[in-house]
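The following pair of complexes shares a single chain, chain A, combined with chain B in the former and chain C in the latter.
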Partner chain A sequence: MSGYIRDAAALARKDLLLELRGKELLPAMALFVLAMLVAFRFALTSEQEAASQGLLWVAIVFTALLALGRAFVPEREQGILDALVLAPCDRSAIWLGKVLATMAFLLVVEAVALPAFGLFFGGVSWATVAAVVLANVGICAVGTLLAAMAVAGRAREVLLPLLFLPLAIPVVVGGVGATVADDPARYLAFLGLYDGVFAILAWATFEYVVVE
Partner chain B sequence: MSTSSSNRSGVILAVATFVLLGGGIALALLWAPEDADQGPSQRIFYIHVPLALTAYACFFWGAWKGLRLLWTREERYDLEGYTAVHMGLIFGLLTLATGSIWAKISWGVWWSWGERQLVLFLILFLFYSAYFMLRYSLEPGASRANISAVYALLGVVLIPVSFLAIRLAENFIHPVVFTRDVQDNLPTEMLVTFCVCLAGMLALAATLYQNELLGKRLDERVRELREVLQ
Partner chain C sequence: MIRARGLEKRYGGKRVLRDVDLDVDRGDVAVVTGPNGSGKTTLLRVVAGLLAPTRGELEVRVERGRLGFLAHEPLVYRELTAVENLDLFGRLYRVPERRERIGMLLERFGLWDVRGERVGAYSRGMQQRLALCRTLLHEPELLLLDEPYNALDAEGAELLDRELRELAASRTLVVATHDPDRISSLATTRVAFG
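Presenting the complex of A and B:
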């Protein structure tokens, strides 16, 4: 088991190291989410200000899509995925490594986005922060599985949002609920349930997506 | 291939569909009592709800075939699962259409976010349409079969999770203004009619599924033979 964790951690570290050296993804994600928040400011009339709370979640899901769309592209382009599949490690460790790396990217970007949102639209509650952290788990768990599916096909960039958004709707519901409701506990529990169910399913089925 | 025996069962299934569905519609129009609140328009219930339940059955059947494929790695489950999801999407679309018509008649709008089942079918429609996009972007083979199977499995998990999400969302989006709980305390005549219609719809789905599967298998066989000849 410790070997399993070590494999996943090594793979996650590889992705983080690549990003640290290349800096392709994180600046793009941060700029994207900021630009989106500014665009939202002009999409809402003054009576609709409250709707910004919901739009925050659209911004998070779309920003996650940016990271997920890139998740397996280097692997495919350079044939690394075949090598990883052949490597003497559990295939689901590939999934776990990718989930951890993507989650780290998302957390960094949200550390920029949430304060910016608070600045532009006034205040971010603790429930929102908790919901964002919980939502990250579900988004990355499902998103990584779908990204591996999409990258196997011909229409990779176009395909992932189509696969991901219907599955992300419950995350948006849980997130927006935790942000706006008086008692966010129910919504946080729902996000936790989503994380658990889809993480187990994605972990168990990832192997079949990358192996022929 | 046992074409003749599968043909015979296909004919039996088709006849059963014709009898059950025809009988069900006749019962719904002539025998079932009229709903006190909604009048004659409530009779679309005998089509709409069986369509929805049949669509669920098809999606679950597709996921079951997907599970069998991942389990046994037998190639034939791929085509079966694909056909089941295909049927599910058709019945799902019909559910959306009949639900929309019902909403127009009883509430005067073509679409209402207050109707949970319809909202769920809209999400499922998006999800399973993406299934086809995914499938057509992959090269035929073991990899495509695996990926389709995993995606179909995600679908049946998404159904209850989305339903829960839609219920939760009602707390902060809109209070439910419309209620249409015809299923509470259904009189016996209505229940019998509903069950006949449901059986008919399931039989229809099974007939279409078998025919489609037969056609696709023949298609595959023709392609193989053509390759041999060339």
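Presenting the complex of A and C:
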């Protein structure tokens, strides 16, 4: 097991290093989420501001989609997935490494987005922060699997949103619920359950996705 | 080590491999020749387990971690340095004394002085040398080499000649090439396509 974790950590570290060198993804994600929040700020009238809680989740899901769309680009462009698949490590470690790296990118961007949201729409509760953290796990677990599926296809840019957005609806439902409900625990538990179920499914099926 | 009978591979309606039989024993050097598009690369990918054959039987008696695969592409990250790339694969392949092995390979393939530079800044020939380092890093029992002389200059090609001669003494090699004369002296088995 420790070897498995070490493999996933080495792969995640590689993705963080690639981003540190390329600086392609994080600035784009941060700009995108900030632009969305600014647009939402001007789109809503003062009577509609209650809707802003839902729009935060739309912004998070679409920003995550940017990261997921790029997740396997280095492997696709340079054919490296073949070399990773041939390594004697458990192939699901490739998935876990990508999940960890994508989650790190999302957390960094959310560290910018949540204060900005608080500034524009007035305050972010602890329940919202907890929901965002839980949602990240589900979004990255499912999204990484789907990104690996989409990257093999010709219409990959279209395929990923088509596959991902329907599966992200429960995350939005749970996230909005945890943000606006008087008792967020129920929704947080729902997000935790989603994370558990979909993480196990994605972990177990990843091998079949990367091998023909 | 490799036994294939009636191997066939189709992509949609296009048949790329047709009734291929292959017997490669431990210690053999099999040379696969043929023009572009004749199926050499597909055969190597099928043997490596990267593609499933559409039909036929294939038995490859080697563990996944004991196989080395040199593809058309170098299969390394361009944004990382040579050392970072080899270190990643060394970890995944559980290479003992990884740093010493990486240093030795980089030295042998003439990349030691540029070990800290990003691979994207390398020439294609240097990338091919690095790809050879990656392929040999974990001392594989079975080596599948797809056009290994690709992009190498005269010095690099001579280096590879020496390397292949050494490897042929102790490993099993399957080499796909459109220039079979280069390694004809080592070949024990020949497969011609097209």
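In this text, the second predicted complex is superposed on the first by the 212 of 212 C-alpha atoms of A that agree within 3 Å, B and C clash if a C-alpha of one lies under 4 Å from a C-alpha of the other, contacts with A are read in each partner's own complex, and residues count from 1 in each chain.
Quick note on the criterion: contacts are C-beta pairs under 8 Å (C-beta built on N, C-alpha and C of every residue); 3 or more make two chains touch, one makes a residue touch a chain.
Note that this is a predicted model, so its numbers are computed, not measured.
Superposition of the two structures on chain A leaves chain B and chain C fitting side by side, clash-free. In the superposition on chain A, contact of A:Val209 is made with chain B only, not with chain C.
Contacts of A:Arg41 after superposition on the shared chain: neither chain B nor chain C is touched.
In the superposed model, A:Val197 makes contact with chain B only, not with chain C. In the superposition on chain A, A:Lys23 contacts neither chain B nor chain C. Of the two partner chains, chain B is the only one touched by A:Ala152; chain C is not.
Taking chain A as the reference chain, the count of touched residues is higher for B when chain B and chain C are set side by side. Touch criterion met: A:Val176 reaches chain B, while chain C stays clear of it.
One geometric descriptor of the composite model is the angle centred on chain A: between the Cα centres of chain B and chain C it reads 90 degrees, in steps of 10.
Of the two partner chains, chain C is the only one touched by A:Ala10; chain B is not. The gap separating chain B from chain C at its narrowest, counted between C-alpha atoms of the superposed chains, is 5 angstrom. In the superposition on chain A, chain A positions 211-212 are in contact with chain B in one complex as well as with chain C in the other.
Every residue of chain B that touches chain A in the complex is listed here, in rising order: 70, 123-124, 126-127, 129-130, 133-134, 137-138, 141-143, 146-147, 149-151, 153-154, 157-158, 161-162, 164-166, 168-169, 171-172. Residues 142, 145, 149-150, 152-156, 159, 162-163, 165-167, 169-170, 173-174, 176-177, 180-181, 186-187, 190, 193-194, 197-198, 201, 205, 208-209, 211-212 of chain A are the ones touching chain B in the complex.
Contacts from chain A toward chain C in the complex involve residues 3, 6-7, 10-11, 14, 17-18, 21-22, 74, 78-80, 82-89, 211-212.
Those residues of chain C that touch chain A in the complex are listed here as 45, 48-52, 63-65, 67, 69, 71-80, 84, 88-89, 91-94, 118, 134.
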